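Note that the chains take the letters A, B, C, D and E in the order they are written out, and that residue 1 is the start of every chain.
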Amino acid sequence: MKYVYYPGCSLGGTAREYGISARAVNDALGLEFQELADWSCCGASSAHMTNLDLALALPVRNLALAEAQGARELVTACASCYQRLAIVAHEVNTHPRARERANQLTGADYKGGVTPRHLLDVLGKDVGVDRVAARVTRPLEGLKVACYYGCLLVRPVKATGFDDPEDPQTMDTLVKAAGAQVVTWPFKTECCGASFSMSRTDVVAGMAAAVLSEAKAAGADCLVTACPMCHSNLDMRQSMAARVARTTFNLPIYYITQLLGLSFGYMPRQLGLNSHFVKALPLLRRLRLV
Amino acid sequence: MLSIKGKRGDAVVRTITLSALEPGRTRLQGEVEAMGGTNVRRCYQCGKCSGGCPASFAMEAQPRQVMRMVQLGDREGALATNTIWLCASCLACTTRCPREVEIAGVMEALRIISRRERRVPSDRNVALFHDIFVDAIRRRGRLNEFELAMRYKLASRNLFADIAQGISMMLRGKLALIPHKYRGRAQVQAIFRRIKEAEVKRS
Amino acid sequence: MTAWLDALRDHVREFLSEPGVDVFIGYRAGRRGREVPAFLTRPEQASGLVLGPAASGALAKYVLEEAAGTTGRLGVLARGCEALSLQRLVRDLRVERERLHVVGVPCAGVADLAKLEASLGALEKVESCGERWLVTAGGNRHDVDPSQFMEERCRDCASPWPQQCNISFGQAVMSPASPDYSTVAALEALPADERYAFWIRQFERCLRCFACRQVCPACSCVECSLDLVDPPWLGREITVPAQAMFHYTRALHVAGRCVDCGQCQKVCPVGIPVALLNRKLARDIQELFDVQNPFVPGEIEPLGKFRAEDREEFM
Amino acid sequence: MSVGEQSWKPTIVAFCCNWCSYAGADLAGTSRLQYPATVRIIRVPCSGRVNPQFIVRAFQRGADGVLVAGCHPGDCHYSTGNYYARRRFLLATRFLEYLGIEPGRLWVRWISGSEGHKFATVIKEMSAALERLGPNVKLREGAL
Amino acid sequence: MKRVGVFLCWCGSNIAATVDVPALAEYAAKLPNVVYVEQNKYTCSEPGQEQIRKAIAEHRLNRVVVAACSPRMHETTFRRTLASASLNPYLLEMANVREHCSWVHQDRAEATAKARALVRRAVAKVQLARPLFQSSIPVNRRALVIGGGIAGIQAALDIADSGHKVVLVEREPTIGGRMAQLDKTFPTLDCSSCILTPKMVDAAQHENIQLWTYSEVEEVGGYVGNFQVKIRRRATSINASACTGCGACWEKCPAKTGNEFDLGLGQRKAIYVPFPQAVPNKPVIDRDLCIYFKTGRCRICQRFCTAGAVEFEQQDVVVEETFGAIVAATGFEQFDHAVYGEYGYGKHPDVITGLHLERLISASGPSDGKVKRPSNGAVPETVVFVQCVGSRDEAKGVSYCSRACCMYTAKHAIMLHEKIPGVSTFVFYIDVRAAGKGYEEFYARAQELGAQYVRGRVARVYQRGDKLVVMGEDTLLGAKVQVEADLVVLATAMTARHDAQSLARTLGISYDQNGFFTEAHPKLRPVETNTAGIFLAGACQGPKDIPDTVAQGTAAAAKVNNLFAKENLLAEPTVATVNEAWCSGCLWCKPTCPYRAIDSKTISQRQVGKILTRQVATVNAGLCQGCGACTVACRTGAMNLLGFSNEQILAEVDAICP
């Protein structure tokens, strides 16, 4: 399966391991991702905080690029980029005036023919759990996972809508397919405050603490996510969150692609499992998964 | 065993002379609706938004209360709260609102209004971060997170706050130091230019 | 020669040989390059069927005459506008859908024969050939650009491909165009007095020949109120105000039911822009009662229903 | 009466539904509310009974303005009649303007049985408006 | 030859002071076909009317115009006058020269000029008047009540008590409806079954009531006075007259399922009575569950039935009956809260609805009146009540307020505090609506007993350990609050029956966007529908509590009774009629009729030798109320309105203009 792929700014940087593990998983599943030539930042997560025109124009530029090279879908692994692209795509398709405006600003001629999609959606729908399961060589037995979707993947429903906004399932089914055990917990889509990760660390710590506590209470021994923001937040800010909650969490935060990759038999290094703040490997070693 | 979670926002206690505010469908409502595309008058103050807001513990006013201020046309109040800056746009409120009010959209609108009116943002750091973020995009067309981080820390004068993370990130190769260079940059800058022109025309 | 014409003829031949079939209504070659309505009753006649740009009639309404007093099935050839007209007649319960055998054919616009004759001389044959028309006139063949010689009503045809047919031939053509309301808008932009003057200039020419009504698929009443002396809807004597009442009434009677076939305007001997009245009403209906497409016959006409939350201007 | 003549007063033909607007006009009477003697009421069971052709007929016969009055939406004695009227006249008002009749010659108003004041006010306002417009010659028999 | 007489009333000085009546008389005399003009001080007075009678006789008048007050005032008076002079009462026309002229104008000249126009109009219209005759419809004095809840029972009893036959049709095996499921009723807290069951028994034993349970209405034809109704009586598989209701059968029956009456909290068998006080107290066999019907084996119940009442071979019967009036009392359904992800999609066993709680509290309920957590059977220490679940929620639920929830939640809180010492209860509400006699006091009492009212709509309910975490905002504090609860009770919206719309179509009545049946007039005709002879009672018309429901049941019965007070119905003759020669049968008139009075019929007409048959519209004069909406929908004018015909209105317009 071929897709035009929008990497976004993080997957080269803070989410490096997400980028490489995604590549690994795609290879394993025979997904062909061709990077959108000449892509630019979609504006997340600040453009829409400062200027509506900007929030509109930046994503449309990329949508227009994709359309120009004949793509009907634009896949991204970053939940944040996905949401911005999806919101704007929906906006211009429902309000012709918005489309005109966007085209004026970008100098492009976007017709509205591109549907942004998230990697998770592609794995869940296009590839399908069965084909994922078929590829598993090292089932992640004993791993108790809290699937954390974050707020960006499933909201707003009218723009995203590939899964339920309160109790989504796509990631759960994939993780189960990888042989791990998923815990039922209430904060799957509770926000962790990523947009303040630098500006208001105190707030972030508070929000992250809430999420992590619920995961722990539900008996998870790690979280899995499909969003660089969530990841860097829960991973990098976990110690701080623990201080706020006056407890220790020690919950490794994995990317969905890392867990899948692991179950497909990749080596930890090939999946960037070595570059986490909260050590990612000890748990896996304990469970004899690496 | 009712436990109150988080601290109450310590909003300044004010007496508002309602008759001094605009009556009926206020101008503020109009502006907000124009941008947020939602009818704030529909809000009946049930509080479902705030009850589910993950950031509300840090807010001076509950999101619901901000809706109220907009309904009353209490411009000063609405733009003074840090609430509008501490909204993480997670849309839990919008998704759950029984009156289909796009609360997060309203917050977004208020932030932008506060900018237009060149007000001192009620949470300088958040605002500052967004400015630097957007400026970074303007400069390069793509975001260089390391550059963003460093510039933000310089500007917010807390260079040493989680510098540790910064360095360990670098060690983990997580902060790409090489700035992107590519054609898209020019086009993105063109977008910024057109927007500026539009703004100039408007004012 | 159109590729699918033979297939069409074969189909009609078969149809006519079926039991209980009364007639098939199509086109046959007429004199001077014309293609005129044909009423086939025997299979062998099928070979005489033609369909080209010169088939400028409107077959739908013939169905009424053919259906009256008979019970057999009726076949009819239908281009986009004719198919809509048939739907109109069916919805107005003037003929049962089961009795009809609608044979859909594509349409790339009908030739304005008068205009062709004026510029090329006496016509002998008009054929479509790919995107172009081959016109034999005054002894020589011309390759003409349809857009130059297309009937006005076809220029902004929104439904060239017939819907709800029993069978159809040829390639489905999607419409690039949508009804052009610019003239309506232009008129609306005029000051009231000028607009009034404009319409009076039109109405005073009216001969009350009723051609617009006769051809209209939405005007199929067994008795037309405009013919009645009692009640005297139009008044006894023919005056300009009475003419205005006539056109006002006709337009309102087809409001929400007009299929925009444009025949009314086409057949008007004195060139009154009748369709401009229909279009105005259609556009307002679309806007006021958010009707998707005011020209497609629906279950209940827009004026035969309401929504409590309809626009309120009369408080 | 001819144009320009000082004493010219417009003529308004009003179609009032029996249950609300006609009763409203009655109430205006019993409460002795004064309004110009310009209006002449034709009683119909329901605003849904008013055929748009009646409007043009009135203009033909010399009316300077026409008023169609019915119960407020939701209050129709026959529950739905005025909803149909509303659709018909949303369309007819626009269509008459399209034919060149000045806006303001045809008024449609919802007047309930308890709104005697509203009836009087509507007639006052409408008369004033028509006086500004002057006599109607459009579509009028004999005027052309 | 039309001979019109015009009678001008002075009304003392009411008219004469402003209108120059003598001048008006001179003018009237010159109008076409006017053969007689007369002025009276008071035309409505006995001498005034006598004058009219005399004139009709002496001058052979066949049309009469009275220029006086509003027809809404005296039209009936003068119609009687004409009748008494053996002239058809509909050959009268009034000119309203008082309310519409003399009382609202001062300038004598202007007023008189206007009066001329008004008289001109009347004379012009009356020329075209035709004699009209009231049609009369015989009334079949037998009522059908659909729905055996408290509304239907009340209506049936009231109709039956006034001596009319009633058939009470109920879909379930027993009557009683929702009220039978309740434990106590607010605001008096008397026990629901104590006040309901006697009524159920009365209904069953009343000589004028036939009780048809396990039955459904399938088809309704006809119109007011004589509806033809097809009713399916489903096979109960029990010979009711033989059955003693001993219960041996259901004790032995091996097939079990969740008991609908207890909302699945308890069990029932395949052969069952829904609850002990059921009426009739005879079991039915649920054929989808019964082992015999599935496998052809078992028959245990039959073996243990000493009365030999079990009849497996019973078949459904469809009976056709005639009724003069119908009362719809089909009640409501509960909103399904499974749409709320934030409340756990209805997955948590300890998140229940108010009706569940009723069954848990009820002494005759599955837990014998002990309130326990469905998950682990423990007695809850902390209970949260969530108001407006589905109600007042345009996004996921319904826009309206369900009206009864505030009060029954207060009731629940009170009862929990009475049953469980030391329980703590929290009621999350948006607004407390206690508008009813004794309601506010009742709400206050709940707070007295310790119910903690928190103003705010609950945002989340989720499981943590064996507790339920309820999150919301206390909007009065402006603070986010959370409760760790053992039991969460949702006050789910009252919604229309899922199949209400199909019943509405069967009955030919209208329903609103929420599926509730619509009354003929929201204020003035609350229990009537737009279809003459069909009435509404209870929650099928909109959410209601018991007092309102009972009141409506009685009101509907009163309407039926006054319909049945007459032998024949007289219908106003000013109705729509079809000119069949003109009618094209397009039936565009049909959808505009609010009374479903228009239908199509086949006529045959001779045309060039042969007979042609075609469809034309036809009007049922019994149903038509004469609004005339159809006449405008008719392009030809084949559809016309007697008394307000196209001809007449055109003539009026012509006459009234200068």
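We take it that a residue touches a chain if its C-beta (ideal position, glycine included) is under 8 Å from a C-beta of that chain, and two chains touch if they have at least 3 such contacts.
Quick caveat, the model's predicted, so the values are computed rather than measured.
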Co-neighbours of chain B and chain A - touch as defined: E
Contacts common to chain B and chain D (chain labels): E
Central chain of the complex, centres being mean CA coordinates: E
Chain D and chain E: spacing of chain centres that average the CA atoms, whole Å: 35
Distance from the mean Cα position of chain E to that of chain B, given in whole angstrom: 51
Computed distance of Cα centres, chain E from chain C, in Å: 47
Junction residues of chain B - those touching two or more other chains: 6, 57
For chain A, residues contacting two or more additional chains: 165-166
Contacts with 2+ other chains: residues of chain D: 52, 57, 74, 80, 84, 88
In contact (per the touch rule at the top): chain pairs: A-B, A-E, B-E, C-D, C-E, D-E
Chain E-facing residues of chain B, complex: 1-6, 8-9, 11, 44-53, 56-57, 61-62, 64-65, 96-100
Touching residues on chain E, where the partner in the complex is chain B: 342, 382, 388, 392-397, 424, 426, 430, 452, 455-460, 471-475, 477-484
Of all residues in chain E, those that touch chain A in their complex: 341-342, 345, 460, 462-465, 469
Touching residues (chain side chain A, partner chain B) in the complex: 9-10, 12-14, 16, 38-41, 43, 45-54, 57-58, 61, 104-107, 151-152, 155-157, 165-166, 189-196, 198-203, 206-207, 210, 236, 275, 277
Contact footprint of chain D on chain E as seen in their complex: 70-73, 96, 98-101, 103-107, 110-111, 113-114, 117-118, 121, 518, 520-522, 530, 574, 592, 594, 625-629, 631-633, 641, 644, 646, 649-650, 652-654, 656-658
